[in-house]
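Each of the next two complexes has subunit A plus one other chain: subunit B in the first, subunit C in the second.
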Partner chain A sequence: MMFWTLFAKECRQTVRSLIYWLTVIILSLFFFSQLGDIEITGKPVKGQEDYGVKYSDDEQIIMENTLGRLAEEYCRETYSTYPIGFHKSVKPDKDENRRIGDILEETAGIRDRKVIEDLMAEHYNKGGVIMTGMAVRPVKGLSYEHFQKLMQEVDDILGGGSSYAKDMLKSNAMVAMTYEDAMEEYDTLIEKDWLTGGYARLFCDYMGIMLAILPVFLAVTRGLRDRRAKMQELIAVRKASAAAIIVSRYLAMVVMIMVPVLVLSCFPLAESIRYASEAGISMDYLAFAKYSFGWLLPSVMTAAAVGLVLTVLTDTALGVLVQGIWWFISIFSSMSGMGGGMYGWNFVPRHNTVGNYSGFHNNFAQLAANRTLYAVISVALVAATIWIYAKKRRGKMDIHGKISANRKSKYKA
Partner chain B sequence: MIRASKTEKGCGYMNTEIKIRHLNQFYGQKQALKDVDLTIGRGMFGLLGRNGAGKTTLMKVLATLLPKSEGKISICGVPVESAARIRSMTGYLPQEFSMYPNMTVYEAMDYLGVLSGLSREERKSRIPGLLRKVNLLDDRKKKVKALSGGMKRRLGIAQAILHNPKVLIVDEPTAGLDPEERVRFRNLLCEIAEERIVILSTHIVGDIEATCEQIAVLNEGEILYHGSVAELTAMAQGKVYSAEISRKELSELKKKYIVTSMLTLGNNVMVRFLADRTPFESAHSVEAGVEDAYMYLMRGERGEE
Partner chain C sequence: MERYLQIGKVNIKHNILPHLLVTAAILCLSPLVLGVSNLEAPDTAKVLEMYVALTGIILLTPVFLPEQNKDLRDLVYSKYMKASSVYLVRILEAVAAMGFFLGIYVWMLHNNNCQMDVLKYYGGTMAEMLFLGGLGILCYGLFDNLIIGYMVPIFYYIVAMGSGDKYLKMLYPFSMAKGSYEEKIYLLIAGVVMLAAGVALRSRRFR
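Our next item is the complex of A and B:
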């Protein structure tokens, strides 16, 4: 009884806070700029100019496209890498260039710059839209394993983060889709994903980026509000248990953030409903809600819990810094898996496409484990917060006091 | 420690009593409270002492905001370690406090009422009455940030007795109030103390003189005096003198005696000071006040005559 009244009061406070509306505005701006003009891709028609591109799983294609890229970059003596997500041009020295030349010769059988330039001219002067990079055939008898090993060596020479790293090789194999490919993808979307599944994943992909950081601001400002309003002691001496105080706050934050998320998901949902009724296909009306809760909720929970625990522990905005760093690292380390299916344990799993159902389907267990892990972590952090709060309100843990006392004594000295 | 015989009046109420036995409190190496022994009954109890004497520490220990280092404390029969039970029967008004600035007076009370476990009906019936008592009913829709210092203090009292606690602990409540507000505030506390224990800490002697029957004087963590105000005053009886002297003589007098007040009259000064016997002819003995008695008490602590 007391808990739910407290919860309602916390929600009310949240609605009246500036930081909440800033969060809602940022979330909405991000949504409309990235997904606002979302259009349901209709059924492919034969004779279309192009059907889009896809990443191939074919080892031969991966090798061809990777070697094509390597030949081009070797020819220019400049290599593009993304060590922490940002672009970096690498110019290797003479010895390193010679070694890369050796590798190119061993794998593709070419090293003469003139020959490569001719190949490039041939590829890029074909006319029409060039959607994919140059392909160079590997030498006969080159095993995929040996190819991987040599490419990794190139990546090491370049200092990492290049297109030749083992888990990046697939991203080179972008090939144009045929009508059959496009048809298959469409059928999967309609039959297995009930139209909305694919769009819900794309929605989660974008929103997940923002929801992995925004809740921390709400949690930190809520935590600091007591101290700023000089209300800590008035609350501490009341009958309410530490659990009731902390959990009502936490739950209010999480619920109040999920509300705009669900509201925003109504836009692509409405678009899907419109398309489904026009095309006469059945769809999953609840996909956006299901994905939002399964995929996004753990992110919101974790970011809010990190903010909450560090604010209660230190009475500072440390949570913003910690979550900010974690967010930054997560975003960039998950970039290689942007196409979906490579979720791992990353805090911000990516799936930046409506397609790749198989990537999702085959790795669903990993994604579920990933999301469960973060949900469990956030529950543990909330439990820790309750414990810390109970200690602090009894004066048994005064970290902030100690910090300011130290500052004072230093100041005096 | 000087202990006057304890008046039993006000302590007869069964189980409305705070017992503090051999309380020692440490902050690291520093000892903030030294072997404090106190029994506090119903009514107003004043805790007097200089800034830094340990008053706030003692109050925080009673309000469960600080764990006690050594000793025994029970409030109405409940040991202070049972924080949840203590919290439901004590109200606390810290020295420095405020409330969420964007809440209205009523909302702030309602919020704290929920935290005290009051039901919707209880809050609805109690809050308007309390706001009337502290003269804030007409301001109930005002935002907390728009309240004056005095209004905030009164709201502070209202929130502290919201859950009808048996004990009210008020730390330096009159600091920063203007004289009129101070008097009103004292009267309010007296009214509240009719039904419960009110512990009031202050470094302003006037606050205690006007309201408290029982007092304790704390100095450097030790109880210097515990008893009634009248008995404290009696201790200084016959030791307070008044004289009209010239300004030139003032510095000489100040060196010898503790001056408790003075009034300039042209070239002369009317001084009130402490002395064990008649110091000079023109000085005549006057009736001691609480302030004189307090100064007399503290004199011993300063190692003065």
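Our next item is the complex of A and C:
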């Protein structure tokens, strides 16, 4: 009973706070600037100039493009990596270069720099606009599994973040979609994704960027408010348990942030309903809600929990810094996987397309594990907050607020 | 003059120090996650505009923090020394620290064979730092809330990242990476105006 009274109180306080409405405004501005003009694209028409691009699933194409790239970089002795989205060129030492040479020889059967230079000259000097990188055929009998293993070794030598990492190999095989490909993607969207699934993922992709950081501002402000209002001691002597105080506060924040998210999701939902009734197809009305809870809620929970625990611990805005750095690294390092399907353990998983259902479907277990991990982490952080709060309440662990020494300034103001 | 030096000293000891350490750590750790050698000019600009410039928010925004407590602020504002002078000294210190850190960073990039027009890149990044920090100070002064002071410039950064110059036009912060420099002048002017406005707002005695 006490808990729900506190919860209702927290919700009321949140609605009356400036930072909450600023959060709502920022979330809405971001939504309308990125997704405001979202249009449900109809069936592809034959004879269109282009149908977009896709990552190829063809292992032969993946191997050829990857090896072409490796040969070029081996020849230049400089490798491009993107550990967190920023370009970093890596120059391996002699031994490492020799090992990469061994790998190239084992997979592509070439090693001599002169031979590679000739291949490059042939590829790049044929006139016209060169759209794709060089492709090099793998040696006969090379299995894809062994190829993956060796490429991962190259990535390890380069310190990670290269195009040779196991999860990144597909990104080397970008191919233009044909009419048939586009038609297949459309059919998948209608039949397997019930139209809204693809749009719900795109919605989560964009909103996930914001929701990985915005809740921390709300949480830190809320945490600092007791101190500013000089209410800390007063609350500390109340009957409510530490768990009730912290959990009601946390739950109120999470719920109040999810409300505008669900409201905003009604815009693309309405657009989907309009399209579905015009085209006479059936759709999943609950997709946006399901995806919002499964995909976005763990982000909100984690960002809010980081803000909460660090504010209760230090009584400073440290949470903003920590979450800001985490957000920055996550965003930049997941940029190479924007097309979806490469979720890994990144805090901000990306799926910046309506299509690529197969990428989502095949990696669903990974995505689910990823989201579960962050939900668990946030619960652990909240538990830690309760523990810290209970200690502080009893006067132990006081970091701020102690009159520690005679610090009378010798300066005159 | 001596009084201003004292304000500066106290600021270093009690206010700006942790922010200086955080900035130094962020810059020192950068080679772990991004390339800082042999970069082409646009990549060099990207490192400066999208990474280093963020430290402007860390260094400039918290200038009003020591008087966060309303009672303390009333006390400080009752003194003979104008609050705005105190704030200006703190801002000057923060800007000097920014210039110093950025100088070392640019020098390091230059030594590591990154292509750039040193003075232009230094000035351009400084302008962006003043803009982001100025936006933070303005919002802090306006809403009397440090967190909002951090939140708004970060949102600005995200909009620039997500939408390019579509909405931000002449105040687009990452222009050097695409070879345009004019924006930096507008950023500098807007940054200084916002700094001044933030201090003026905060220094009103009767609120």
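Throughout what follows, the second predicted complex is superposed on the first by the 285 of 413 C-alpha atoms of A that agree within 3 Å, B and C clash if a C-alpha of one lies under 4 Å from a C-alpha of the other, contacts with A are read in each partner's own complex, and residues count from 1 in each chain.
Here is the rule we go by: a contact is a pair of C-beta atoms (placed from the backbone, for glycine too) under 8 Å apart; a residue touches a chain by one contact, two chains touch by 3 or more.
From a predicted model like this one, the values you see are computed outputs, not experimental measurements.
Undergrad: In the overlay, work out which of subunit B or subunit C sits against more residues of subunit A.
TA: The larger set of subunit A residues in touch belongs to C.
Undergrad: Just subunit B (first), just subunit C (second), both, or neither: which does A:237 touch?
TA: Touch status of A:237: first partner only.
Undergrad: If you stack the two complexes on chain A, which partner ends up touching A:395: first (subunit B), second (subunit C), both, or neither?
TA: first
Undergrad: Quick check on the superposed pair: does A:329 touch subunit B, subunit C, both, or neither? Answer first, second, both or neither.
TA: second
Undergrad: Name the contact category of A:365: first (subunit B only), second (subunit C only), both, or neither.
TA: Neither partner.
Undergrad: Just which bits of subunit A does subunit B share with subunit C as contact spots?
TA: Comparing the two interfaces on subunit A, one with subunit B and one with subunit C, no residues are shared.
Undergrad: How about subunit C: which of its residues touch subunit A in the complex?
TA: These residues of subunit C touch subunit A: 6, 10, 22, 26, 32-35, 37-39, 43, 46-47, 50-51, 54, 58, 68-69, 76, 79-81, 143, 145-148, 150-152, 154-155, 158-159, 161-163, 166-167.
Undergrad: Quick one: in the complex, what on subunit A touches subunit C?
TA: For this pair, the touching residues of subunit A are 18-19, 22, 26, 29-30, 33-34, 78, 81, 83-84, 86-89, 91, 209-210, 213-214, 217, 220-221, 224, 228, 317, 320-321, 324-325, 328-329, 331, 409, 411, 413.
Undergrad: In the complex, go through subunit B and note every residue touching subunit A.
TA: Going through subunit B, the ones touching subunit A are 60, 63-67, 83-84, 87-88, 90-92, 94, 96-102, 110-112, 114-117, 119-120, 159, 163.
Undergrad: Contact residues on subunit A for subunit B in the complex?
TA: Where subunit A meets subunit B, its residues are 1-2, 5-6, 9, 13, 16, 225, 229-231, 233-241, 245, 393-396.
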